[in-house]
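Look for chain A in each of the two complexes below; its partner is chain B in the first and chain C in the second.
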Partner chain A sequence: MHERTRVFLGVDVGSISTKGVIINNENEVLSSDYIWTEGNPIEATKQLIRSLQSGLDDGVAVTAVGVTGSARKLVGAMLGAQVTKNEITAHAVGTLSRYPQARTILEIGGQDSKLILLDGGVVVDYAMNTLCAAGTGAFLSSQAKRLGVRVEDMGAIALTSQSPSKIAARCTVFAESDMIHKAQTGHKKEDLIAGLCHAVAANYLNNLAKGKRLREPVVFQGGVSKNAGVVRAFEEETGFEILVDPNSHLMGAVGAAILAKEAGEESEFDFHITDVFFSTVAHECEGCSNRCEVVSFLKDGEVMDLWGNRCPKGAAVRHAADCAQRER
Partner chain B sequence: MPQSVIFTFPRLGDYHIVIKSFLREIVPAAHVIVPPPVTQKTLDLGSRYSPDFICSPFKVTLGNYLEGLEQGANVLLQTGMGCRFGYYGEVQEQILRDLGYDFQFLCFSCGQARLDRVYAAMKRLNPSLNPAQFAHALLAGAKKIHMMDKFNRYMRENMAFEKAQGSFLRLQSNLYEALQKTNNISLLHQTSGAIFAAMNKIPLETPQRPLRVGVVGDLYTLMEPSSNFYLENELIKQGISVSRMMSVSFLFLRSNARSLRGAQGYLKYTVGANGVDSVCQCKRYAQMGFDGIVHMKSFGCTPEINATPALQRLSRDYKIPILHLSFDTQTSETGVQTRIEAFSDMLAMKRKAQAASAAPAFGKGERSVGNA
Partner chain C sequence: MIIGIPKGLLYYRYEALWRSFFHTLKIETLVSQNTDYGLMAEGIRNTADESCLPAKIYLGHVRSLAGKCDYILVPRFDGTGKNEKLCERFFGMYDTVKNTFPGVRLLDYNLSSKGLHSEARGFVEMGARLGKHPFVSLFAYNQAKKTQKEQQAAQVRRQKKRLAAEGAKILLVSQPYVIHDTQLGKPLLQILKDLNITPVFSDDCDAAECVKASRKISKQLYWSMNKESIGSIPLLQNQVDGVILLTAYPCGTDSLVNEMVMRKVRDIPVIQILLDEQQGEAGLQTRLESFADIIAKR
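Up next, the complex of A and B:
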């Protein structure tokens, strides 16, 4: 039993999907999965862990865990992660393990999009969308629903288009009304879908990439990179060859796993975590008029972590203890 | 004056300490209400009665007034300068009047921002005020501002490296306490000597080449830490030396012509308010070899939007990363934190790679490639 191979778990809990990988010392993916978060990161993570475990043989031991994504704090506490990293760093590290020469990373996820510029294997600049979800996966899925196609099929349909419709790309709301208008004047469905893919690419380039110089090699990742229509749209808009890794949707998780591997702290991860009862209790602290929304994180009714409070006011901490009592 | 004067004014960083003692000296009979620190309640109150698309400092300062008025203030102070800020006073006064509050509004903005106007207004509140008294209060105020700004600047640059955690904060609270106690100028000089001697003796463990970040942007977002989620402290916590040229001392001494000269090659004309300063300061930081710049503005701040293309060109020319952040009352703290974390990671990784490529074993000269 001592000679089990050390492997590393990386989890990326996004707003829409939860991704996980287990990598070996050579950064190769041994087991991976991609599931919907459905507004419940704790459940999604449990399901993910179960599925990753089933893809693994007995001769390995997970010795470090890295977590990224918008629910990283919660899931990091849940998994007892060695590393909890922001998405930008995780994505850059993940991509560099596959494309060490990459200069530009385009990343489009469910709710946000990022642009990362690299030079000599180091991030030198980045941008993230701010106020608006235009040009993200959420936009594509809502339009897919409207058109009655599955979001997974959009790419293939878009590629059959001979003349993509021109759809206003500036804003999701306008893009939507523009698309409805085009549909009512008789544009074919594949042309509309191809037009939407172009709108996503154009929106991305006009917002995030504004004022930034993109250089080749360009790597495209995140859930939307699975959409071949958007990939083609990017190629046409930029004139560059766009590289898409077979694991392009998992790069954040791969990066988190690599960061965990390199963290230098190791302790064996217990897969039984899926049997543990985790819960969170949110509560508005009344210590001052800031009214911090304090979240206590409980493991089998025991307070593990507490966040959201801006000051060390005792009220929040005491409350957490009370919650623990009540849950028991 | 039929009733006693109770002053209030918007908060800006820690400057309320100085404003309070200044007002107490020139109108000794008056009370001064320092509005409570900015909390969610301040934002909610301010946003409820503000135009939706106004910049966030307007909303926050309106919230300050409302909280001050609730505590009984009846004389409100405001200033204003070369952007929408120049109209804050008039609009806020009207909003507060429409809400039914009874108060006197003293607005020293743009053309009114002159010492003789301040003197005349204060003389009306305190008929026994004489020019010598006024001048003394001004000198004491200026001395205090100078001390605060000097201390805080040093603190931002070095606090990341203090040996014993909390040394700087402790000394800062000593300083603030001393500033509140006296308006006597020679006493202030003494305090100043003692505090700065103590400051220079705070044991530091500064690395040989610390990561340095400069912050530039609009004056309110830079100087009121609650409006930027204490961004400077976050950077300091990551072990970064933070430099900020903006301060009240800076505002008194700045000139557009000088800043425009400093921004040469990037700006030909002024772009409003502190936009020119942002470009000028950014260029200085770039030339000084800083590792990165954080450009902060309130959402929709026109002068800073005007400055942005120049900043982007600076970033390209000097290969210095700039993090652009916009804040308003709806900004998510998590989003800001993610960006700051990624920014400091990026700077640290860049530094590590530079060190590696400088070592002969690696010698690939990766950094000289590119820019074709």
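Up next, the complex of A and C:
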């Protein structure tokens, strides 16, 4: 039998969308997909894996898996990943594979936004949104719904605007009431949408980039980078050229795949994972008044992993055994 | 007689002083338990919404001591020296507690920026309320001061040991009642431990040296506790790999001072971590892991 080509799987499970890529040794994307997480990272991952598999030819073998995103722990356990890495590092690695000179990465996802500053291909500083999800994809989605347009169309509509409405950028709750008010006084829809795009960019720069010096080249990625209106708003606000990769929404997954490739630990990934029954059971540990929310992760009713507990108290461990019993 | 000491806020600054003072006076003390979720929830229920989280936790500690002791020690602090202030919360805490738990008997002493021996006077007055002769109280105070100095020296020694450790080290710049609290700082310390990073604490530095060093960042600061915490940065920045500014929401003095630090301190990686009532640790994990990656790559 001839040797099959080694390829690498990267999965980025975000709050809103789940992204996956399969890359080859040269970091080229062989197969990719982008689907909605819809609050169920396990199902979304299975669907993603099926879709990625159908895009592959027989001559390849996935030999390492990397996972990132807010559900990385859960999905990492599910896929038996070699690498589970935080989003900052994964995004930086992914972007550097495309833009080795990049100095600034703007990233806006479903509920997180991040700013990553690089120097000589190394992350030197970062900022993440703190308590509120202001100015993220979730905000744009809900406003799109309110205005009766598809979120995917917002960018194109925004570009048709001649005079974007001025919408408060400090806080998205105020931005929303501002927008409703402007709509009721007769502003055109495209102007409102362009105004929203500006609010997102201004909010991001006010919150994350304050006190930090942005340097070119600037790369913009994450789901929101697909919105041309926000891209233009960033260009106008910063005065820089903003680079957006055709795969800008997949950079986290690409980074995870590269990290897996470089981990030096390989074993063939079994696509039959999609037929396995995975489940989680959340439970409040009553061992002490810390009330840890312990999550047990089960594969075909067998406890694979357990997290959320602050101490290794018996209750947590016992609970795991109980769960296993119950699922059988 | 038993004096209850809530394990929050100034406890982490004055533990040795207080315990030793009462010990010499042969008065029993009872320190409240470590903060846990239940105690914090109780504190949040009993505090105005806008209070900072450490103040809410403090009220939880007071509540947990109610009925278990004769007095609860809640001092009233205005400032620690000339042109030096503490957050107003320390000035108002006695009255906050008094009004929140009217049935609880409190023991207090005042510390103000006026007068040279105000701490000693405060202790003598506190002793008088407990029926102790001023000479006896003064003796106990002097003993307690010695114990406090010994404890501080031990902290500095502990710091040296940490700084001599192999591997990555991160300086945690924080109010002691945030970083050493089991509900606030401990999960963060656990994550650092899992990442094989040695924590170095700003409050284990010599306070006087810190105050002096803080002038390298700003000469205009007048919050004593912030001077002590940020002074550790110029003092130690050549011996650590990164700095975490740790604060609990919403801290007024930290929000101003940390912002300034992030703008002025440029030659070492600095991040701010803001803790709040939210229980999820995923965000904390992401931020710390990324920071660890940054310092590992440098």
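Assume the second predicted complex is superposed on the first by the 326 of 328 C-alpha atoms of A that agree within 3 Å, B and C clash if a C-alpha of one lies under 4 Å from a C-alpha of the other, contacts with A are read in each partner's own complex, and residues count from 1 in each chain.
Keep this in mind: a contact is a pair of C-beta atoms (placed from the backbone, for glycine too) under 8 Å apart; a residue touches a chain by one contact, two chains touch by 3 or more.
Source: prediction; values computed, not measured.
Superposition of the two complexes onto chain A shows a clash between chain B and chain C.
Contact with both chain B and chain C is seen for A:126 once the two complexes are overlaid on the shared chain.
Of the two partner chains, chain B is the only one that A:213 touches; chain C does not reach it. When the two structures are aligned on the shared chain, A:70 is found in touch with chain B and with chain C.
The single stretch of chain B with clashing C-alpha atoms against chain C, selected from 44-52, 170-178 or 188-196, is 44-52. Contacts of chain A with chain B, set against its contacts with chain C after fitting on chain A, overlap at residues 70, 85-89, 122-126, 128, 130, 211, 288-291.
On the chain A side of its complex with chain C, the touching residues are 70, 73, 85-89, 122-126, 128, 130-131, 211, 288-293, 310. Chain B makes touch with chain A in their complex at residues 36, 39-42, 308-309, 312, 315-316, 319, 321, 326, 334-335, 338-339, 341-342, 345-346, 349-350, 353, 357, 364, 366-367, 369-370. Touching chain A in their complex are the following residues of chain C: 36-39, 187, 190, 249, 259, 262-263, 269, 271, 274, 276, 278-279, 282-283, 285-287, 289-291, 293-294, 297-298. Partner chain B is touched in their complex by these residues of chain A: 70, 85-89, 119-126, 128, 130, 211-213, 215, 288-291.
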